[in-house]
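Common to both upcoming complexes is subunit A, partnered first by subunit B, then by subunit C.
After this line comes the complex of A and B, so read on.
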């Protein structure tokens, strides 16, 4: 069987959970027909999970398992690794699938290390079904895609890249049984003591509302050159944004960062200026309607998601674009 | 305070991938290497913590002989000494093997704090640090943006998604995986480079019998999910054509 571990915060499911279920259905061989593949169980964990079990039961899966334990709130890697390892002990799955979120990245390696089983992270594709499956994952900053076969017994733990599988592709089957499961967690074995999550500063700019965005990456080279990108943004009627390294350097404020640690946007037009397209950036913008990539490196992964691409020197192309846009 | 910082040597950002004949790995002969960027931030953080709390910083790296270049660079930036688990097979090893190799070499040192980058820019498993913590019997926390130490307790700022953060307290010894951008990097001075030559670099052997947790059966340039229309010509021509298509085809302007 395949175990999918759902992610929830304060009683709300992370949407990426559905993407992990879609991946599990493909892996099980049930994506095309409802019967005949490996059975799928979805586990949801928390202090109190409310109606989440019922919500998940709409998927075409064999069962939904609900584990409630006060030690699971707030999230800690120690408690989650203990709980999921208990699930694995009793259910003996062939695969465990999780969405590749920051939370998963925090506890999945601990789980894998503890039970000494393989962990394949950031999976973007599944080839074949069941025990023969291989998994596609990016390597070398997305410049290459690797086909990977887990080694070392079951379960193989697989984390699924955000956006790689479609939440709306999940087969709904109606009414999987929802079962309560007891998990024992020793509270004294939880070493991390988390405080409440917070936001650094009020988000003054909501880039999610912008119709057009001009976004700059390492290719802009220096802080002085940001002005060129800003000028292009003005000419396009766009907001200015950036990839992480630009904000790390303080060249633009953190609140203008696009990507997994910043904002997720889907504007009408997204112009990536000198952005190579690391996956952490792509997850934040690949839903944009039209994507333009301008980069000197023809092999840059950003071109994989672009509708229009120009390979060349942004210091020549951006001024030419401004001239063109300002023509009456 | 005895701090370890684990660093990896990875291909440079400018490197254009070339595959071996079996298309299962890269052609290592063509590669130019540098220090993994998140590890450089972890190194900087360890140096800042030593400046504040005293003690020593020990650079730990598992890899072929070539990784001594980045070990020397870390020593030149200010680390005190180094441990190198050296074996040719470690260049392409997965996170489990690297973590086990490092754990065996680091266990007896009884470090108070271990820092790593949050993931490597080559294989990018994002696992080595956390597995190493488990093998060393330490608690871990990942994607850290600030480190505070008071006596034997540790308080760290963990990055969450979408601009959120969270403070987490835990006892020492502990392992943290460091996010890029936590600090401003320093570069080696000439004095540092000279001093690095005299610093201790201890070799450690790779433990026998480590099994990989996964095998790369194929490696390829990713297939495009979209049909990208490439626009060529001089900068002026390309700009004119792009603006025309954005206006007429995409209706995005």
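After this line comes the complex of A and C, so read on.
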């Protein structure tokens, strides 16, 4: 069987969980037909998980396991590693799939080391199904794609890159049973004592979660013009982001930088305003579902990855878009 | 931050820089220890790259003479020598054809040498050094020299955890003071600490200023039938003009990998010349397109190299310190080789340091024995006869080649040595070179089309150097006086935007059109070209907090 570990924060599911379920369905061989293949269990952990179990049960999976334990809140790597390894002990899965989030990056290596099992991170593709599957993962900043076949016993722990699998491709229509499971966590074995989150962290955006992003580049020309991009973002219900020069100049905070030295995102819609598309930027956003590029320079490399390209002045096009979007 | 508590580490010998010179010094010290016994010396090696070899860039063809002396059983120990040289050619390129040299000029003969990846070689050498029990600290750069009068006491490593405005972050950690009886500076071409030593102790003579070149390199994967592994090709001529010194190399490695590179003297006259564009133009030559067609560029890098030769070697010994390798300009520009000289000077420095520490006297008077060792060694035999050759190329390609031939024939006889000029002084102002200041400066004079398949823009190339730095740190490129829009633009047209091979320097324009220098410090591949070639000498390269290129396989 395949165990998918869902990620939630304050009762809200991380969207990337659905991507991990989509990956699990492909791995199981159930992506095309609902029956057959490896059974999938989805585990959701937390102090209190509310209706998340029911929400996940909409997916075509064998079961949803809900483990509630006060020791799981606030998040600590020790508690999560203990809880997931307890799941592994009882369910004996062949694969454990997790979305490659910051939280997963934090505890998955610990988990793998603790149970001495292989860990394949940041997987972008699955070839074949079941026990014979191999996994594609990037190397050298995405320059090479390696095919990895885990050795060293099961389960193999697989983390899937955000945006590599499509959340809306999850086979639904199941009404999987939701089961409560007890997990024992020894609070004294939790070595980390989390402090309250940083003030910055509260403001910080995880652009990886955004469904729509409006991103600005040097073509925006001056700090005052950022307001125009922000207005477009508001009209679209999008987050604002930027290429490096903009954050370098301090026109937008660094955590809104997309690219090899910033965040990697794969929203449903990515609107690039005045971004030329240096490769350093492209590696951070080329996984976006639909890319719209607006740039004066028809030769700009951004148009090589854009689904819709508008060669023109963003100062004419953005206001026109805003007017159109704001029409009732 | 004056009152921060710093940790102090005391060792007998500190080696700054984990390249061929530093590692050879470390290994030689531990060998001497083994041979001679006695109280063990404590040795530490500092390397700014996070992984051994990550900042190593060279062609490279290795002359194994020093390696044979340092590690006689290097083959059994698995030295990664990619291919033995078996075939070599020298071509003179014109724009669309090539002329083969009828004979290979003796300095370029590579029989018995090996094509290597210096990155892999240094990783292997680091393994040998660590196996010998030497402390090897990666990710630490020497930031400042600790001195007591004229005596070098050691170095201070860089502070960590400072944000781009100079404020401490929660992760702040002060640098460590490492004190040593002898510090061996192997900080590479235009090493930041060696440069500081030059300034404080006046180590170099005025009539023989150091001379540099910039080398740009790409690693390509091409169909395997193009060149046999071990093929070595050098070219002269196109796309350089006669007044520009330089040439190209093509080294064939196993499995269809080609190292191709382009070297340009950092003493060119045209302020609008761009070395990176010259490299692009070189790849557009029909011979190169026939080699690279259907292939793929997989890695990029750039690095300066010291080309001035024997006369530009500074005083390499002082109270408590020695200088070895590229930092001391030990490179044979005629043979395009420096690795074996770096290793040799590292070994000789180690022998001198060992004796001095044992004798309990590490003053300049005792450490001068290093210079005497060099003078008796193969280093002098190789460099002295060709000591004027690079300077002769300052008169143009043909005089330089004629002189090189003469030097080989006469073993370097000349009544009086040729003086050099600092390369940055030879760059001409726009008004001198073009007869007017009114020339377009937004494009290099040697610009060519960029298709991002055969030819690349700098930003794309930088991506393939694997370079990364934490963005939230102060710029490690110090521009002491901002004269970009007031003086440099009108006089030279912002040459930093062209000689930098990594798009670190960019001129952007304020809303009112005023040019403004934007420093993309996180692009920096640590080549040192800006520190060397800036015509006003107002740029200083200092080590950033971690980061840099990742030259896997280069």
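Here is the rule we go by: the second predicted complex is superposed on the first by the 201 of 328 C-alpha atoms of A that agree within 3 Å, B and C clash if a C-alpha of one lies under 4 Å from a C-alpha of the other, contacts with A are read in each partner's own complex, and residues count from 1 in each chain.
Please note the rule applied: a residue touches a chain if its C-beta (ideal position, glycine included) is under 8 Å from a C-beta of that chain, and two chains touch if they have at least 3 such contacts.
Nothing here was measured: the structure is a model prediction, and the numbers come from that model.
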item: Touching partner for A:301 - first (subunit B), second (subunit C), both, neither; value: both
item: A:254 touches, of subunit B and subunit C: first, second, both or neither?; value: both
item: Contacts of A:222 with subunit B and subunit C, given as first, second, both or neither; value: second
item: Which superposed partner A:70 touches (first subunit B, second subunit C, both, neither); value: neither
item: First (subunit B), second (subunit C), both or neither touched by A:147; value: first
item: Larger contact residue set on subunit A - subunit B or subunit C; value: B
item: Partner chain in contact with A:245 - subunit B first, subunit C second, else both or neither; value: both
item: Doubly contacted residues of subunit A, that is, touched by subunit B and again by subunit C; value: 140-141, 143, 218, 244-245, 247-248, 254, 257, 260-261, 301
item: Footprint of subunit B on subunit A - complex, ascending; value: 77-78, 101-102, 105-106, 108-110, 112-114, 117-122, 134, 138-152, 191-200, 203, 212, 218, 236-237, 244-245, 247-248, 254-255, 257, 260-264, 268-269, 276, 289-293, 299, 301, 303-313, 316-317, 319-321, 323-325
item: Touching residues (chain side subunit A, partner subunit C) in the complex; value: 140-141, 143, 218, 221-222, 244-245, 247-249, 254, 257, 260-261, 278-280, 283, 301
item: Subunit A-touching residues of subunit C, taken from the complex the two chains share; value: 298, 452, 459-460, 462-464, 466, 468-469, 471-472, 508, 511, 518, 520, 522, 552
item: Complex interface listing, subunit B residues touching subunit A; value: 11, 13, 15-17, 19, 26, 95-96, 99, 118, 121-127, 129-131, 133-135, 139-143, 158-171, 174, 179-181, 211-226, 228-232, 235-236, 238-240, 242-243, 245-246, 250, 252-253
